[in-house]
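Two complexes are shown next, each including chain A; its partner changes from chain B in the first to chain C in the second.
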Partner chain A sequence: MRLLTHNMLSSNIKGVTNGFPLLIEVEKVVEKQVDFNEDFLRNMFPKIEWKALVEASRTMGYTELPENAESSMLDSDEFLRKFHHALIELHLEEGALVCPETGRKFPVNKGIPNMLLHEDEV
Partner chain B sequence: MILDAVIARTFCIEGVLACLTVIFTSVRHHTRRLYSMKGIGGDNSSGLCSPVSDADLHVLPSISMRSEQKCLSSEVHSTPEIEKKYVHRVYDAIAPHFSSTRFAKWPKVQMFLNSLPRGSLVLDAGCGNGKYLGLNSDCYFIGCDISPPLVKICADKGHEILVADAVNLPYRTGYSDAAISIAVLHHLSTESRRRKAVDELIRVVKTGGLVLITVWAREQEDRLLINKWTPLTQKYLEEWIGPGSPRVRNTSSTFALESIPEIAENGPGEQSNNFPAQPSNVVSHKIVQSNSRDGDQSLAPKTEEDCASQQEYFVPWHLPYHRAEVSGASISALANGLARKDDKKGAVVYDRYYHVFSEGELERLVSSVNGAVIVDRFYDKSNWCIILEKTS
Partner chain C sequence: MLSRTAQIRLVSSHPEVYDPCDDSFALVDALLADRANLLEHRPSICMEVGCGSGYVITSLALMLGKGNSGCYFIATDINPHAVGVTHKTMEAHGCHADLVTTDIASGLEKRLAGSVDVMVVNPPYVPTPEYEVGQFGIASAWAGGENGRSVIDKILPVADNLLSDKGWLYLVTLTANNPSEICLQMMKKGYASRIVLQRSTEEESLHIIKLWRNLDTQLEVC
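So, the complex of A and B:
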């Protein structure tokens, strides 16, 4: 699971009003090189919850992202590279995503989050 | 004139100008095609190229908007047993074989994905073996499916993927640029669940984002194919309300197909007449009793149109013995009755549940969802297809 996906995921358990961002429990992180796509980064930037991305990347052991970001920073190649790396090159391979309201854990095995709810959660 | 409207709306969408000519041509092509299809369905529902109006909503009385709206969200979200058993468990069991046969990409889906602006984020809800993930290398794809074995197949190909339910997507609102739902809605067994899945697709794309939905058509190109399917009612009766069913044992006075309200509305009684082989007398008797006792007006008189309106089917999947042997899932499926052996064909046969869409039904379904307009619709390879744009 990439942090791009983490930035999109939200706990949808019945009754939960703010399921974002999910907390990350890390067992194993892997890095996979991905082709750089500047258009994609520029397109995604306004939709990214930056604080959640910064927190998530730190949890995954990457501390290079600035605390705050604004669109003018997209002109910096250095910033784009860091953004790219955090967003789509870091993978949570093993671990869990935790609902911020209920503490319910969604397992992540072999890089695949299982977001299915139990009968009593829908 | 209507085509003009389609084109005008298409012009308003940023980024799809490049494919406009292609879409225009395809709409024209399929318009001709659709009219030639009209005879097949045998009903009088409106042509695809008519604007979807309130009048159209009356064409299929079995689609009852008002009663559906009363559904509690938990009823919509919780998966009916028929989907668990005849969709989820079947795909879990046949996943590797299914995937090995699912490589042909539909040109219309390809065309849609290739029309998206470079750098788009595309969500595939119910992605199966992930054959469309990564199709446009300028875009970024995230897939989900409810079947873990299919999801694993996607992951093994290197796709970004998760296990999730298309009726209740675990995604933030407005995050993606486009979404696709390819051959998914026909596996949902109630009108309200199908509508919720459309709701979810609209919810997760940004304003101005496009959603492509395709579903299996009742009006199949190969009409003989339908003869190979099992109309649901007979099997349904045996499986879900037969004498051995806990549901019948426990609800002797109020007979109801709780998990599939529409089928109850359509009236299992008259639909059972579609079959040469009648279900057991006990079951038929129960239905007739229920029918007359409740005096339910929605249980319409038996007519030929009712026969033509059959939309619930079990569609067989033949898993060749040599594929089944390597899968322990088939052994247990045979043992617990999920699958049967067909020695003639040398295959383990699984039934998959389908609600095949009638002409115009998909339009009516999406028209009841707020915040989106139809920008294109067409018939392709025995599928009804629609492209929506989120407006708010």
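So, the complex of A and C:
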């Protein structure tokens, strides 16, 4: 699971109002090299919750992202590469996503998060 | 020559997962026929709901250029086995999609709202008794309840929420699902539509619908 996907996931448990971002419990992180695409990064940037991305990447062991970001920084190659690395190249292979409100854990196995709810959570 | 669609010999399988069949091939044929438009469309986010074996999302990734890191592919399925099989199928073809085991797009809806440029859905469309709908395991691949519309009718509002302004939805339906009524319903929400492919097999008559927001003429609902 890439951090781009983590940035798009929120807790789907009934009644939860503060379900984003999900906290990350890391068991295994894998880095997979992917070709850099500037257009894609520029398209994605406005959709990304930056603080959540920074926090998540730090949990995964990557500390290079700046605390804050604005679109003018996309003109910097260095920034783009860090953004690319955090968003696309870091994978949570094994671990869990945790609902920030209820503490409920959504398992991540082989890079796939399981967001299926139990009957009483729907 | 690089294959533009997934190859059956590389598609993974599992007893609880729906193997690619006429409906899967029809959807991929429809996408292939629209390939030039899809490439020109330059989607940033492509999503499949109900990825099954991974045949369709893999084919979509291949036909948009698997080296094309300009697009984010995401796929979901309610059946964890299906998601696992899709993962293997994608890997076998050298493709990548982010996969989530979930009911339609549950968990993704808030953050992905208005962001999906291409959505492809081959839903459980077979008319069945209502109690067969939403069972885990392979039946979730076909059980569609009354007129085969139970899951389709759940998916349409989700698609409406997730699709971007330029978003396109490709949906597989049967005659029994009343595709023209689906198009009419969506028209009231401001969508234009076209049946992009029709195919009759011995058992069923398939209609692949393409839907997109008609931004020029939004109908007012009285």
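Keep this in mind: the second predicted complex is superposed on the first by the 122 of 122 C-alpha atoms of A that agree within 3 Å, B and C clash if a C-alpha of one lies under 4 Å from a C-alpha of the other, contacts with A are read in each partner's own complex, and residues count from 1 in each chain.
The definition used in the following text is that a contact is a pair of C-beta atoms (placed from the backbone, for glycine too) under 8 Å apart; a residue touches a chain by one contact, two chains touch by 3 or more.
Keep in mind that this is a model prediction, so the values were computed, not measured.
Novice: After superposition on the shared chain, which partner residues are touched by A:1: those of chain B (first), chain C (second), both, or neither?
Specialist: It touches chain B and chain C both.
Novice: After superposition on the shared chain, which partner residues are touched by A:36: those of chain B (first), chain C (second), both, or neither?
Specialist: Once the two structures are laid over each other on A, A:36 reaches chain C alone.
Novice: Mind working out whether A:119 is in touch with chain B, chain C, both or neither, as first, second, both or neither?
Specialist: first
Novice: Between chain B (first) and chain C (second), which, if any, makes contact with A:14: first, second, both or neither?
Specialist: Only chain B is touched by A:14; chain C is not.
Novice: Going by the contact definition given at the top, which residues of chain A touch chain B in one complex and chain C in the other?
Specialist: Common to the two interfaces on chain A: residues 1-2, 4-5, 7-12, 19-20, 37, 39-40, 43-44, 47, 88, 110-117.
Novice: Which of the residues in chain A end up touching chain B in this complex?
Specialist: 1-2, 4-5, 7-12, 14, 19-20, 37-44, 47, 88, 110-117, 119, 122
Novice: Going by the contact rule at the top, pick out the chain C residues touching chain A in the complex.
Specialist: It is residues 44, 67, 69-72, 74, 78, 80, 83-84, 87, 96, 98-103, 106-112, 115 of chain C that touch chain A.
Novice: What residues on chain A touch chain C, complex-wise?
Specialist: 1-2, 4-5, 7-12, 19-20, 32, 34-37, 39-40, 43-44, 47, 49, 88, 106, 110-117
Novice: Give every residue of chain B touching chain A within the complex, in rising order.
Specialist: That would be residues 73-74, 77-78, 117-121, 138-140, 142, 144, 146, 148, 151-152, 155, 160-165, 168-172, 174-177, 206 of chain B.
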